[in-house]
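First chain A sits with chain B, and in the next complex the same chain sits with chain C.
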Partner chain A sequence: MEVTMDPLFLAWSYFRRRKLQQCSDICSKILQDSPYDQAAWSLKTRALTEMVYIDEVDVDEEGIAEMILDESSIAQVARPGTSLRLPGTSQGGGPTPAVRPMTQSGRPITGFVRPSTQSGRPGTMEQAIKTPRTASTARPVTSASGRFIRLGTASMLTNPEGPFINLSRINLSKYSQKPSLSRTLFEYIFHHENDVKNALDLAALATEHAQFKDWWWKVQLGKCYYRLGLYREAEKQFRSALNHQEVVDTYLYLTKVYQRMDQPLTSLNLFKQGLDHFPGEVTLLTGIARIHEEMNNISSATEYYKEVLKQDNTHVEAIACIGSNHFYTDQPEIALRFYRRLLQMGVYNCQLYNNLGLCCFYAQQYDMTLSSFERALTLVANDEELADVWYNIGHVAVGIGDLVLAYQCFKLTLAFNNDHAEAYNNLAVLELRKGHIEQSKAFLQTAASLAPHMYEPNYNLSILCEKIGDLQSSYTAAQKSEDAFPEHADTQQLLKQLRQHFAAL
Partner chain B sequence: MYNFISLPFSTLPDETMPEVKSTLREVLPKQGQLYMEDVPTMVLCKPKLLPLKSVTLEKLEKMQMEAQEAVKQQELAMKEQVQQMPS
Partner chain C sequence: MSSLESKGDGGKWLDAHYDPVAGLYTFSSCVDLADLSGDGDSRLVVGDLGTGSTGMKLKVYRGTALMSESTLLDLPAGLVALFIDQFEPRIPVVAVASGPCVYVYKNLRPYFKFTLPTLEINPVEQDMWQQVREGQIDPVMLKEMLEDVRKKADVPLSDRSLRFLSLAADEVDEFVQLHKQQPIRRQTVITCIGTLKKSTADEDGISCLVIGTENADVFVLDPEAFNILSKMCLPAVPTMMDVTGQFDVEFRITVACRNGSIYILRRESEKPKYCIELPSHPVGLVRVGKNVIVGCSDESLQGFTQKGKKLWRIPLPAPITTMAAMELPARGLQAVLVGLANCQVQLYRDKNLLSTIKTPDAVTSICFGRYGREDGTLIMTTKGGGLMVKILKRTAAFDERDGAPGPPLAQSVRLNVPKKTKLYVDQTLRERENGLAMHRAFHMDLSRMRLAAARTYFKVLESSLTPMSCSLSEPLKMNAVVQGLGPSFKLTLNVQNTASCRPVMNLAISFLYDDNLYRIRNAYMRIPLLVPGLIYPIQTFVECVSDKGVSDIIKVFVLHEEKSAPLLTAHINMPVSEGLMLS
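The block that comes next holds the complex of A and B.
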C-alpha cells in the first residue's frame, strides 16, 4: 500500500528545492479543496513571487521621461566631481577615449553590465530619442512603461483563468492586520503583479498596524515610493528604517535614492557609514567602486574593486572590471590572468571567451586566440553579440596584416548589426587604403551619425576632406571630433592647420 | 628626412626589412637640415572588450524572452481558434 505524503509538506519541499511550478500546482489543488487554507495560499504566493523575483537593489531603469523631466536634481550645472551627469570630468587619470572605447553616454566602457548601467544617461533630448533607434540599448519612454509592466502583463496572459489574486477585490486592510500573510502578499503584489499603488496601500496600512515600529514595512514603503519616483519620501522611509535597525539592504536602497537624485558624494558618505557598521561588507564596497567608476574615476574604482576581492575572491564584477581596466591600460597579459580566473570559476559565456581571445592576442599568446574566438562564436545568444565578436576578430586580422580577412570581418559585423558604428569607421579606413574615397567618406558619415559620442569617424572624415581639398567640411568635422574628445592632440593640430589656411585666404 | 607615409598599412613588408650589408657604413650628416613631418593618419576604432552580464540582468532577459514566447504562442493559439470557428 502506498503511503502518500502530506501535500502541503510536499509543496514545501518543492519550494525549498526551487521547483516552483510544481509547488504552485500542488497549492492550487489544496486550495481547490479548501479555499480558506491560509498556509497553502501563502506558500503559493511565495512560489509565484519567487518565479519572477529580481533583486530590487539591482533594478534601476530610468526612462526618457524621468531623465528629461527631472526635477529632483539640485543643480542643473553641477560642479565637476559632484555629479554623475558630467561624464567628461575625469580626475582619476583613467584611459582616454583614444585607448578605451566609450559608451553612448560618454563614459569609458566598463567590464560589467547591470540593469542600470545598460544604457547610461544621454546628455540631450535629441540623443535620448535617438538611442532606441540603435536597437541594442532601447530605452523605455518612462520606467512605468518599461520592462516591469511588460513582464507583469505577460504573466497575466499565461494564466488563462485570470490572475491568482484579484487585486481589485481584495480587502487590503483585512490582510494588513495579519502579519504572517501580509508580507507574502506584499511581495506578490510588488514583484509579481508590479502593481506599485496597491502595494503602497498595503504597506501603509501594515506599517500603521505595526505602530510605525517595524523597519521591514518602512523599507517596503520606501521601495514603493522609489518606484513611483517620490525620492524624498523614499529617503524619509529608509532613514527611519535605519533608525530602527541597521540593515545592509537599507543602506543600498538609500544610496540608490541619492544616486537617482544625482548626489554621488552623499551616497559615498552613506556607504562609508554603512561600512562602519558592517566592516568589509562586499555589497557596500562594490557600491563605492561603482560610483567612482561612473564618475570616471577609474583608478580609485579599481582600488575599491581590489578591496572587494580581498573580502570575496570570487566576485565576478570586481574581477571583470579590474581585468578590463588592465586591458585598456596596456597590460593585456595581466587582464588575461583575471579573465582566466573567471574561466576557472565556471563563468562560461560568449563575452568571456571574446575577452580571453582579445587578451591572448594582445599578450602575444597566439595559440589561444583563434580558438577562444571560435568558442565565443559558438556561444553567442543574439545577433548583437555575434556582431561584436566578429568586430574583434576583425581587429585580430588587422593586427596580423590580413586585410582581406579584416574587411570580411567588419562586413560580417555590419551584416549582424547594421548600427555598428565602430565597424563602419574601420571599414572606411580599409576602403580608403584601397583608394575608394567616396565609399570611405560615405562609411565615415554613417559612423558619425550613428555614434556622435565617438571622435574617430569625425577625425577621420576631417583628414579625408582635408586631403581632397574640402577644407570647410574638414573644419566642421574636426570641430565635432573636438567636442567628442577635447584632449585629442591630433585634432587640435589639424584645427590649428586649418585655421592657418583660412587666415591666409 | 623621415618620410612618414600617410595611410596605415601602406608600408609593404619588403620595404620595412631592408637587407643589412656589413660593407655599408652608417653616415650621420654633420651639415644640412634634418626635418620630420607629422602627417595625420586615420585612426581605427579600438577593440571592444565585451562586458559580462550580471545575474540580475541575465534573469531579466531570460524572463523577458520567456514572456515574449508565451505571448507569441498564445496569439498563435488564438489565431487557430479563430480559423477553426467558421468551419
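The block that comes next holds the complex of A and C.
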C-alpha cells in the first residue's frame, strides 16, 4: 500500500533540493484546491524567486546611460588616487603598458574577467556605442535594462498563462502587517517581477510596521533606492541598518553605493571597518583588492588577494589575479604554479590552458607549451576564444622565429575575430618585414582606429612613416602614441628627433 | 597667486602691475622705454599691432595708466626712441617703422616722415607699359612678355606687373585700363629698425636710425636731415638687428637674416664682414657685452663672439617666443631674458640659468630698463594681450649655479628587476637534465602545430574568411563598425585598397543574415572604384525585427563581379538590441 506524502512537505523537499519547477507546480495544485493556503503561497513565491535570483552583492556593470548622464559626479577632474574614473592615476608601481597590456579604459588588464574590468568608462558617446558592445561583451544601456529586464522577461516565459501574483490588485499595506508573508512577497516583487516601485512601497510600509527597528527591511529599502539610482537615500538606509545589526552583506551593499558615487576611498575605509567586525571575511578582502586593482594600485591589490588566499585557498579570482600579476612582473614560473593550482581545483577551460601555454613558454618549459595550446584549441567555446588562442600561438611563433607560422596565426586570429587590434598590429610588423609598406600602413591604421587606447600601432606607424620620409604623418602618429602612453621613452625620443628635424634648416 | 609666483623666482621680483586685459598685442621690437617729456620720468612706448589688420596704435603708458594713444596707418615693424637734436630739455623722438616709411613723432605729435627711396625699374618692363599706354600691345601679349621678363631679367618686376600676372583672364582688361596711365614704381618695405650713436657714446647723444629692408639693404640715416648716410647690402632679407658703436668712429651691425644666417657689418665696408650660419632659424638676437646671443627655433640658445665664433649652445625646455637683454650697469649685471612658450621667462648669464619667472600666459614681448623712476623694471606683454610690470628687488642677488653636471641622475636609480626565484633555478635544473627530451617534445608539438595552423589557414583561405585578401590583383582590407543601441543599428564597413598603385574596380558587397532577426536597408551595394591607400566608409542601416533580445552574426561578403567566391568575408557580432525592450 502506497502512502502518499503530504504535498506541501513534498514541495518543501523539492524546494530544498532546488527542484524549483516541481515545487512551484505542486504549490500551484495546492493553491487551486485551497486558494488561501498561506504556506503554499509563500513557498511558491520563494520557488519562483529562487529561479531568477541573482546575488545583489555581486558587482554589476554600469550602464551607458548611467555613465554618460551621470549627475552625481561632483569634481570633473578628481585628484589622483581618489577616483575610479580617472585611468592612469597609478600609485603603486604597477607595470607600465609596455609590459602589461591596457584595457580600453587605461587600466592594466586583470587576471579575472568580471563586470567593469573590461571596458571601463568610455570617454565619449561615440566610444560608448561602438562595436565592442557585441553579444559577449555587452554593456547594457542602463543597468536597469541589461540584466534586470531580461530577468523580467524570464519571469514572463515561466508563466505563460499570466503572472502568479497580480501586483496591481494586491493590498500592500495588508501584507506588510504580516511579517511571515511580507518578506517572501518582497523578494518576489523585487527579484521576479523586477517592479522596484512596488517593492519600495511594500518595504516602506513594512519598516513602518516594524517601527523602524528592523535592519532587514532597511537593507531592502536601501536596495530599492540603489536600483532606482537614489544613492544618497540608499546610503542612509544602509547606514541605519548597520547601526541595528552588523552584517557583511550590508557592508558590501554600502561599499557598492560608494563605488557608484565614485568614492573609492570611503569604500576602502568601510571595508576596513567591516573587517574589524568580521576579521578575515573573504568577500570584504576581495572587495578591497578589487578597488585597489581598479585604481591601478596593483601591488596593494596583490597583497589583499594573498590575504584572501590565506582565508580561502580555493578562491579562483585571487589565484588568477596573483598569477597574472606574477606573469606580467617577469616571474612566469610562479604564475605557472598558480595556474596549475587552478587546474588542480578542477577549472578546466580554454582560457586557463591558454595562460598555461604562455607561462610555460616564457618560463622555458618548452615541452608543455604547445600541448597546452592544443588542448586550449580543443576546448574553445566561441570564435573569440579561438582568436585569442591563435594569437598566443602567434606570439610563440614569433618567439621561436618562425615568421611563416606567426603570419598564419595572426591571420587566423583576424579571421575569427575581426576586431583584434593586437593581431592587426603584429601582422603589420610582419608585413613591413616583407617589404609591403602599403599593407603594413593600412593594418596599423586599422589597429589604431580599433583600439585607441593602445600606443603600439601609433608608435609603429610613426616609425614607419619616419622611415619612408613622411615626417608629418609620423609626427601626428607619435603624438597619438604619446597621448596613450605618455611615459614611453621611445616615443619621446622619436618626437624629439622629429622636432629637431623640423627646426633644422 | 602672487606669493606663489614670487616663490617660483626665488623672491627676486616685486609684482608691480598686472593687467590681463590691457589689450596690448605686440612684439619686443615694437616696445621701448623713453623719457618722453624730459622730466626724468620714463614712459613705455608701444606699437600695438591690434588685430593684425585693424586697430594699430601707438600707445604710451605712464605708471599703470595709458597716457595717450594715436592711430597708426599700417602695421608697425619696429619702434625706437632716440635723440636727434641737442635742444634743452632733452626730449627724444619716437620713430615707428611701418610699410615703406618711418614716422617720427616728437612730443607725441607727427614730426617727420621718411620714405624709402624707390627701387630701380626694369627698362624693358617700363617700355612695355609705355606701349600699352599707347595702345600698341594688348593685355594678352603684355602678359606673355611680362612672363618672359619675370623669368629672365635680373631686376625683379614691379608690384603692379606681378599683380597683373596673377589676375584671371576676365579681370585683365579692367586692370590695365585703370592703371595704365600711372608710371610704374617699385617700392620695398622696412623689416627692422635700430639706432646708432652718431659721434659720442653718451646716453643722450644724437643717434642715427638704422633700417633693414625687404630688398636686403641696410641704410643708416642722418639724424637731422634724414638723408641716407650709408647703404650696405646683405645676401638675404634682415629680420632682426643689433647695433653698437658710433657712426663716425667704428660700428658693428649684427643682422639676423631670413635664410638662417647672421651677418656682421662694419664701417667702411659695403658687404658683411663675418657670417654665422645657424643650424635652424633665429627667433631672437641679443648682444650682451661683446657676445651675440641667438635664440633658435630648435629650442636652443647659442652664444657667439662678435667675430662669429661659436662659444656655447644650451637646450631650452620649450620654444622661444621672445628675447631681450637685461643690463643693469649699476650692479654690473648683464644677462639675457628669454620668453618661452611654456609660460616661463628665463634669465641667462652666458650659458648659466640665473632665475626663472613663471607667468600666467606665454610672453610675447619683453623690455627691461628704466620705467618711471625705477631702474630695474621688467615689462612684459602676453599672448592674450596682458601687460605685466615687475621690479627687480634691490636685495636680489643672482648666484651663478654652474650647471656642470656629474653623472646623470638616472644612473643612480635602481631598476626594479625581480629576483630569480628558487622555482626558476629548479626549473633550469630540470631543463639541464631533460634537455634532449624537452627539445624533442617541443619539436614534435611544433610540427603538429604547424600542420594544424596550415590546415586551418587553408580552410580559412578557401572560404575567404579573413577580413583582408592577399590576392595580387585585389589586395583589400575591410573592417566593420556597428553603432547604435537598437533596434536600428548603423553598420559602417571601412574598405581599403592596400595595393601600392593599382585601383580596384567592379566590386560589390552583400550580406548573409537571418531574416527573422534583421532587416538590412541595402542588402547589396556596389563599391566605387577604390583608389589605393584611402579608406572608403560604406554605410547601411540594420534593423532588428525580433523582440526576443537575441543577437546573431551578420556575414559581410566583398564580391568581384566575375567571380563566384567572395574576395573577403567579415563576421559581425551584432549587439543585443535594447530599444525594443525598453519600450
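Convention: the second predicted complex is superposed on the first by the 489 of 505 C-alpha atoms of A that agree within 3 Å, B and C clash if a C-alpha of one lies under 4 Å from a C-alpha of the other, contacts with A are read in each partner's own complex, and residues count from 1 in each chain.
Operating definition for what follows: contacts are C-beta pairs under 8 Å (C-beta built on N, C-alpha and C of every residue); 3 or more make two chains touch, one makes a residue touch a chain.
Just so it is clear, the structure is predicted and the values come from calculations on it, not from any experiment.
Within the superposed three-chain model, A:395 lies in touch with chain B and out of touch with chain C [touch as defined at top]. In the superposed model, A:262 lies in contact with neither chain B nor chain C.
By the touch criterion defined above, A:415 reaches chain C but does not reach chain B. Once the two complexes are overlaid on the shared chain, A:505 sits against chain C while remaining clear of chain B. Shared-chain residue A:187: touches no atom of chain B or chain C. In the superposed model, A:450 lies in contact with chain C only, and not with chain B. In the superposed pair of complexes, A:439 makes contact with chain C only, with no contact to chain B.
When the two structures are aligned on the shared chain, A:235 is found in touch with neither chain B nor chain C. Once the two complexes are overlaid on the shared chain, A:337 sits against chain C while remaining clear of chain B.
The intersection of chain A residues touching chain B with those touching chain C, taken from the two complexes, comprises 150. Residue ranges on chain C touching chain A, taken from their complex, read 260, 278-281, 296-299, 416-418, 421, 423-424, 427-428, 431, 434, 437-439, 441-442, 445-446, 448-450, 452-454, 456-457, 460, 465-468, 475, 477, 479-485, 494, 496, 498-500, 532-533, 535, 549, 551, 570-576, 578, 581-582.
On chain B, the positions that touch chain A within their shared complex are 6-10, 13, 38, 40-54, 56-57, 59-60, 63-64, 67-68, 70-71, 74. Within the complex formed with chain B, the residues of chain A that make contact are 52, 54-55, 58-59, 98-101, 109-115, 118, 147, 150-151, 154-155, 157-158, 316-317, 320, 323-324, 327-328, 342, 347, 349-352, 354-355, 358, 362, 385, 388-389, 391-392, 395, 398, 401, 403, 421-423, 425-426, 428-429, 432-433, 454, 456, 459-460, 463-464, 467, 490, 493-494.
Residues 64, 93, 126, 129-131, 133-136, 138, 140-141, 145-146, 149-150, 153, 329-331, 333-334, 337, 363-367, 369-371, 373-374, 377, 383, 390, 393, 400, 402, 405, 408-409, 411-412, 414-415, 418-419, 436-439, 441-443, 445-446, 449-450, 499-500, 503-505 of chain A are the ones that touch chain C when the two sit in their complex.
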